[in-house]
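See structure below.
Naming follows writing order (A, B, C and D), and every chain is counted from residue 1.
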Amino acid sequence: MTVIFPVLALVGLGAFLFQVSGEHPEKAWQAYLVNFIFWSAVAQGGLLFSVVLHVTKARWGKPLQGLAESFAAFFPVSFVLFLVLFLGRAFVFPWLGGDLHGKEGWLTLPFLFSRDAAGLLILYGLGFAYLRHGQVLKRSGSEVSEDRREAVRSRMTVIAVLYIMAYALVLSLLAFDLVMSADPQWISTLFAPYGFVKAFYLGLGALIILASVLHLKSRGASSLTSSHFHDLGKLFFAFCLLWADFFYCQFLVIWYGNIPEETSYLIERTMTLPWSRLAWAVFILSFVIPFLILINKEVKTRPRFMIGLCSMVLVGIWLEHYLLLGPSLNPGADSIPISLSDVMIALGFLGLMAMAVRFALTRFPELIPVQRQEVK
Amino acid sequence: MVDLSRRHFIKILGLGSLAFAPGCDSRPEKNLFSYVQAPEDMVTGKATWYASTCRECPAGCGLLAKNKEGRVIKVEGNPLHPVNLGKLCMRGQAAVQGVYHPDRIRRPLLKQKDGWKALSFEEAETLLRSKIDEAVRKAENRVHLITEAVGQTLSNLFDEALKNWKSRPPHIFEPFAYEALKTANQKVFGVDGLASYKMEEADFLLSFGADFLETWLSPVEYGRKFKQSHAVHGRQKGFFAHVSPYQSLTGANADLWLSCNPDTEIVIGLGLLRGALQSGNRKSLPSDLTEALQDISSPFTKEKVVELSGVDPDLFARLIARLLKAAKPLVLGTGTGASGANNLRVNMAANLLNALLDPGLTLLDFAHRHSVEKAAKRSEAIALFEKLGHSPEGVLLLNNVNPVFSIPSSDAVAKVFKQDTLFTVSFANFMDETAQLANLIFPVSLPLETWDEYSGTTGIVSAVQPAMAGLTGSPRLGDLFLRLAHGGPAKNFQEYLSLRLSASGLLKDRMDWVHMLQEGGLFRNIPSEAPALQWISAEEVRSAFRRLSFPKPADFTFVAAPSLRFFDGRGANRPWLCEVPDPLTKVAWQSPVSIHPKTLREQGLKQGDVVELKSSWGTLEAPVYETQDTLPGVLVLSLGQGHELFGRYAEGMGVNPAKLLPPETEPLTGSPQFSTKLASLRATGRSIALAHTDGSRVQHGRKIAVSVDLAELGKEKKEKKGLGMWDFPLVLPLPEGYDKKRDVYPPHDHNTYRWAMVVDLDRCTGCNACAAACYAENNIGIVGPDRIREGREMAWLSIERYLDEETMKKVTFLPMLCQHCDNAPCESVCPVYAPHHSKEGLNNQIYNRCIGTRFCSQNCPYKVRRFNWFDWKWPKPLNLQLNPDVTVRSKGVMEKCSFCVQRIKEAHGRAKDEKRDIRDGEIQPACVQTCPTGALVFGNLMDPNSRARKKVDDARAYQVLGYLNTKPAVFYLKKVVQEI
Amino acid sequence: MSGLTYSQIDQTVLDTLRPASLRYWAVIVLMFFGILLGAGCWAYQIGVGIGVGGQSIPVAWGTYLINFVFWVGIAHSGTLISAILHLFRAAWRNPIARAAETMTVFAVCVAGLFPFIHLGRIWIVYYILPYPNDRNLWPNFQSPLVFDVIAISTYLMVSSLFWYTGMLPDLAIVRDRATGLRKRIFHILSLGWTGRFEEWRHYTRAYLFFAALATPLVISVHSVVSWDFALGIVPGWHSTIFAPYFVAGAIHSGLAMVLTLMIPMRTIFRYEVFITKDILDNIAKTIVFTGLIVGYAYAIEYFLAWYSHNIVEQESFRWRAAGEYSLAFWVMVICNSVVPLLFFIRKVRRSIPWLFGISILINIGMWSERFVIIIGGVAHDFMPNAWGTYSPTIIEYGVLVGSFCLFFFLFLLFVKHMPSVSMTEMKESVHKGVGHAL
Amino acid sequence: MLSEKQVIGLFKDENLAASAIESMAGCPWQLRGVNSPFPSERIMKAMKAGKSRVGHFTLAGGIIGFLSGVSLAAYTSLQWSLIVSGKPVVALIPYLIVGFEFTILFAVFGNIVGLITQTRLPEYRSVSTYDPRCSGEYFGVLASCAEGNQDALLAFFKEKGGEARFL
């Protein structure tokens, strides 16, 4: 059981190296890029949950906050992964050397990497600062005076607010630089918000999975009640709708405007084979099914079921990244370029994420909500 | 007649037209035949067309008057007429507004102590007769007639009448009489007349200011001929250089505007002569003449020319080179409004250049001379007025002249009307500056209501026939004179006319008469031989060019430019002409003074500031218009507006620049002076908003009015693939125009027809005839200056004027109208389907359905939709001009160009009756019909052989803002520019 | 608040229903004349033509649509507060929910008038409705304006039903405490509510659904409003972010308006016990949040206009900040996204004058935002030759004044004659102990 | 059957009321109803109330709304099949908006219908037979018993910590 995640990671690494050395390195790098964005989003969105709860002083999710924070353990990994991305620059930036319609000023590799790296540093730095204060509060028991705690808490709030802002801005930056720029003549003002709403959607999904797994493992030892799952489920449902709404907002406006600079992007991805198939898959997996199911109240409180549902949504979003990047990275592809190796590489990243989370939970057991911890 | 119900009006008019149709008695050849069908079977709702002649200016274009239910609702060019081949200018289009003008005088008016007393026509005639008899009884030469240029027949009648009255022949007064040109022809060729020019054959055209696209001699004719040589054919294109201190519309159409200091054109002329002689290969002239030319031109080296005229040396050098390279060069003299001490010499130089470069003067046609040559010189006019000023009792008859307006600064003119010995009679239809000074105003029927004949050029006879019964019941001038002069066998002028024509052997039998009326005149095999040329002698040359004097460069030179819209001012009371903005300034209703930005900066002025212009002869205040179309220090103000009287549309609109002009004529030629030095230019401190219709003057690098260099022509790759503004391909508004990669929407089919228009920017001269025609055809509301200032003009078709961003001088004209897009953004946003896509590709606008949300206009990228902010007014009887086939829109409704859907429907009906499809070219929207240069082509895109469809394949074809994927059905052909 | 007893709650609210002072009626009359003024201007416009306004080509939409969007925006926070916060079980919304909903209902009424005022031919406005007719003509369901009609009318119906349903128990309370005519009126209005547990059982459920439905509705309604512009191709309008951006903006202005209304109300009606500073504080915090979103949207639009290298977009946005209407633009930026940042400071959040002042500024800022978008977009779009400007006329200002008077007229009448704070919900929160969890 | 006597017990505290209700089971008198100033979960529990069925109406309304919205748009545009902006005559993408708004509207109508049918409002009779204080601060428990037991019932309420009176 304890070896499975490292094994997964190695498998992924192997698959990646095999591909890179093979005659289709671009496929490997595409998978790498997709998974980097995807799993980083999971981590960033996961922590956002805790942060938001803190800022809004919401009490209902206290026991879940710890779990959400455990995702932050992936931050360092994510940062390293980003730096590695530089090696694959030739394959992940199709606009290199192409006609940039006068965008050369913005789309230059050094500038792009430095600004994005800086962005990630700030975001992750804030994340950890937030966590440190959290630790102080959790660790420090009665020996610390109340007003001292209050001071820490308020500082923590400031950092939390900053994290939220950074989250919005940095994820926007990544959305523009790593995804939107793949089709340099296309723009959509909602694309960035679409990106970070999606990230939170992912974070919530992952959080539900984690919570459910632990809940099931702990066999009633955990302090998570069905109302926790219910609320979390509702939030997940809400963001499912919001994500779909943001998608529709872009789709409708572009469809109605009928300006080729915008529509061509949409047409290629949603109305022409092979990509339209993928589009439908994403739409059904990540919206239609969860929407129809989550209208129901009960299912939200069934951890086992939710694990399945959330995993499905996550897979859908994972495919969605292929949908956004694929057509630009594989011009004129006649079939969807997702092969076994992509899956293996994805599993590799899953392994990394899981190891990170497990590390966090073992290193800081207080993150795990169990009965003895007085909650609420 | 004022408040006569429309229905009743139609009734009598119906009678009227039938009444005059059979002529005066049973004599069959007097039957009136209409162009398309005889009037006796006039069917309600069916138009009857009468061929006649336009009398809005002396050019005398042939026209067809469209008569519906007894009233003329539109005039169009007569395709058979040699002068204009079916085209008309905006002034011609507006002729009908004279007929229905609300301020038209309907009864004779006799001046009395306490204002005007209305008389019946009989009373007036009796009075007039008695006055004349009285005068004739007193002594000889007591009856004086001052008339505009009239046809031969009428002028014969005048002569006879005046002979009977023992008086001198009439004086023909035209404000624009081309004295300098005439004198130059007289001196150089010994012909005291105005030759016509075969511009169409010239491959190089040089004008010293001749504004042949606006007023000069025969604008419609020369507009056409100009483009015949100047529009691009394959890779060929004539070259046109314009030399003048300011850029007129004609100058704006030149490939090179060579701006020179005022009154220094002669220097350039002589410089060119010198260059031509040096090249030496021209041995067409007698040697002594050549020597003389050498002598006079030798001082004018390039340096000298540059020094004196201030032209760009390099441009001048290239001009000479280009001129000498030309196979068939043609040099034109000065413009209608030219003046200055050297005016005559410039025209002589032009003639000499032609003589030198074009051996045998193949491009000058003395056989067909412009009949305006008959007009007396201004100097003679002034002389006459001085004489009249202190003449014994008598009668002064004025036929359609307005000297008081044209020569405001002259005391002589004023004196004539002040003194009471003369009984002045004005045959005017409008109370203008001159009429109001007359003792008796005797309105006579207007050209569209009368029998006459007027030939713009010698060698043709152009008929004038009534296209409707007289609206006011006024007599015809011809008939009146016949009765007054009680001479001759003819019992009315129509008969007099036919008799004269038969007598002069032009009509053999009555069928000739019929044909003449059908075709609008006699255009074939009319004897007209060119007079023998008397070449100028070397001596005369030397003397003519001895001691050239140049005006000290003044701080401010003021130029009164003849107006494309109002001619000499006679058009100023036609609302359409006021409403359609000036093509260069884009200002409507007002007449601002154009000043160069540099001058403005020096004077601390800005556009809209009202300045006071003072000359030795007068003062006037006008708003400033900032433009680079003039040189620094040269102030240009167009003639024609600033009437104190002349009806509601003219009064108080703009200013009359003639007030600043000297009354003295130019000694050498006797021509008026249209320019003068300014004593002072002073800001009044007031400032007004100009009623201009343009937002930005430049196109900010957008693909709107595109031009291509002649050298580059056809070089750029045709197949475009991109999605951006500049690399987006040309897409047809047809199913094949849809590409799965670009289009979210499925293609849709049309029924047999997909109407479309092609606009050749290389042919468009910006003359605005199309815009006026559109107003006339589609009952477009007149909103006036205030509404225009608010951005509420209603023009369905407007000529957008874009300046070149570097120089701010080079102009591109872009006729902008509804593009009838296949994916029209305006349609889907309307909540009630008021605009939608028709089965023939039209972008329909259903007025009855429109609730006025105005979303369509917001979403139209071309901003061609117009909204009825109020109910627009057609004061009676102007409403009688309204086209019954087109809805008059009420307030709160959106409207726009419909491609003249009423004409399309009519064609459908005809085709259906004849069980066929609509033929290519059968449908001509009003704008297409009248375009003098044929820049507009309308047709069916689904017909692979239609002219429109073929033109779309031209390499120059593009769509304005096509990258928005609106798939416009209006295609533009890039303007072809060339550097000298 | 926990100190309150149920009867105190009832008393405090019922006290506000006491016969009104002369001053109150004076204000009411004043407002009424304001309404007459607006109506007069409208009548004049109908008679003479829409041209009495300042609109033209290219700027064919003027203040009427600005006011429309402005009032719809105001209308949003009401439902946000009562519905979304109800879902989040944030009890701090209870004291202000009623007033906010009232604001919503009346604001929608006022907003709903403007599309009519705006029409060129109001007398055939029914063409826009899908009614059966002999020529079988129907509205165009692809037109954003038809979306508008449907969305706004839905919103009006839903929010007023929500409002009324929420009021039922309170109406019963008034009935039970009142005498004479008022008793009879409230007897009818309260539909014989007696608080039987059967009633409560269904009522609580229904109320929950109301909230669950109203929430997406709010979002959709202002999205639809935003699509009146975003679905066009006009530069500065055609932008995918418009829907969320307008929703945020709407809430922004709505919350500001809530402050503007609550602050005087709580002093006049002595509501300090209910509408505590903590509540105002919470509103202020939310305003910071919406302000940040709006600011983010401004920034993104500029960034992408620059990034796109589409010369039309670029010119349009350059002109927006530097052209004829730059003043409106900077007012918009500063009032909407800079000034609210002051709410990061706790002192400001808890100082009544600051709160009030800033709320007013935000209202102004949001109005000019609509001005910048609606006027600025078309005034300077694709065809430079057609560029033009627009300035409102006295008639339009008259209508604007009228609309404000109408709103306050209705609002004032309500707060004086109906329970302007939900007693029942107050009791609930007191009963639950002050559990303000968001 | 003898005529019934109705007794109402008023409790300031919901827990007392609730316990009274619970212990009423197995007594000779029947619970006739409970009035409370605000919804009380405690009493809901005591009454062992099932789940409300309002939701079904709401859902039904929503579904009907969506279908009618989209079909209205589609049907009407097919009447003349006018092409606007080249868009398909029946354009489902924008019609989703119509569908959505109708969904909400009809769902709310359903909700109202549900509420009215379930609570049987409006009905004005019961107003006479209840104590106005119940809309203030009291929880009223209405019980009925056979002729003769009324004093016991009164006592019962008193002993449960509330005040009681005959109706």
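Going forward, contacts are C-beta pairs under 8 Å (C-beta built on N, C-alpha and C of every residue); 3 or more make two chains touch, one makes a residue touch a chain.
All figures in this text were calculated on a predicted structure; none of them were measured in a lab.
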Quick check: more C-beta contact pairs in B-D or A-C?
A-C
Chain nearest the overall Cα centroid
C
If you average the CA atoms of subunit B and of subunit D, how many Å lie between those two points?
83
How far is the middle of subunit A from the middle of subunit C, if each middle is the mean of its Cα atoms, in Å?
35
Between subunit C and subunit B, distance of the C-alpha-averaged centres to the nearest whole Å:
58
Inter-chain centre distance, subunit A versus subunit D - centres from mean C-alpha coordinates, in Å:
43
Where subunit A touches two or more other chains, by residue
101, 252, 255-256, 258-259, 261
Note: subunit C residues in touch with at least two other chains are 137, 139-140, 142, 146, 216, 227, 231-233, 310
At least two other chains touched by the same residue of subunit B: list those residues.
745, 823, 825, 828-830, 833, 964
Can you check the complex and tell me which residues of subunit C touch subunit B?
48-51, 54-61, 115, 118-122, 124-125, 127-128, 137, 139-140, 142-146, 149, 228, 231-234, 310-312, 315, 378, 381-388
Subunit A - residues contacting subunit D, complex:
248, 251-252, 255-256, 258
Touching subunit A in the complex, subunit D uses residues 85-86, 93-94, 96-97
Which subunit A residues qualify as touching subunit C in the complex?
56-60, 101-103, 106, 165, 168-169, 172, 176, 187-193, 234, 241, 245-246, 249-250, 252-254, 256-259, 261
Complex interface listing, subunit A residues touching subunit B
101, 185, 255-256, 258-261, 263-264, 266-268, 271-272
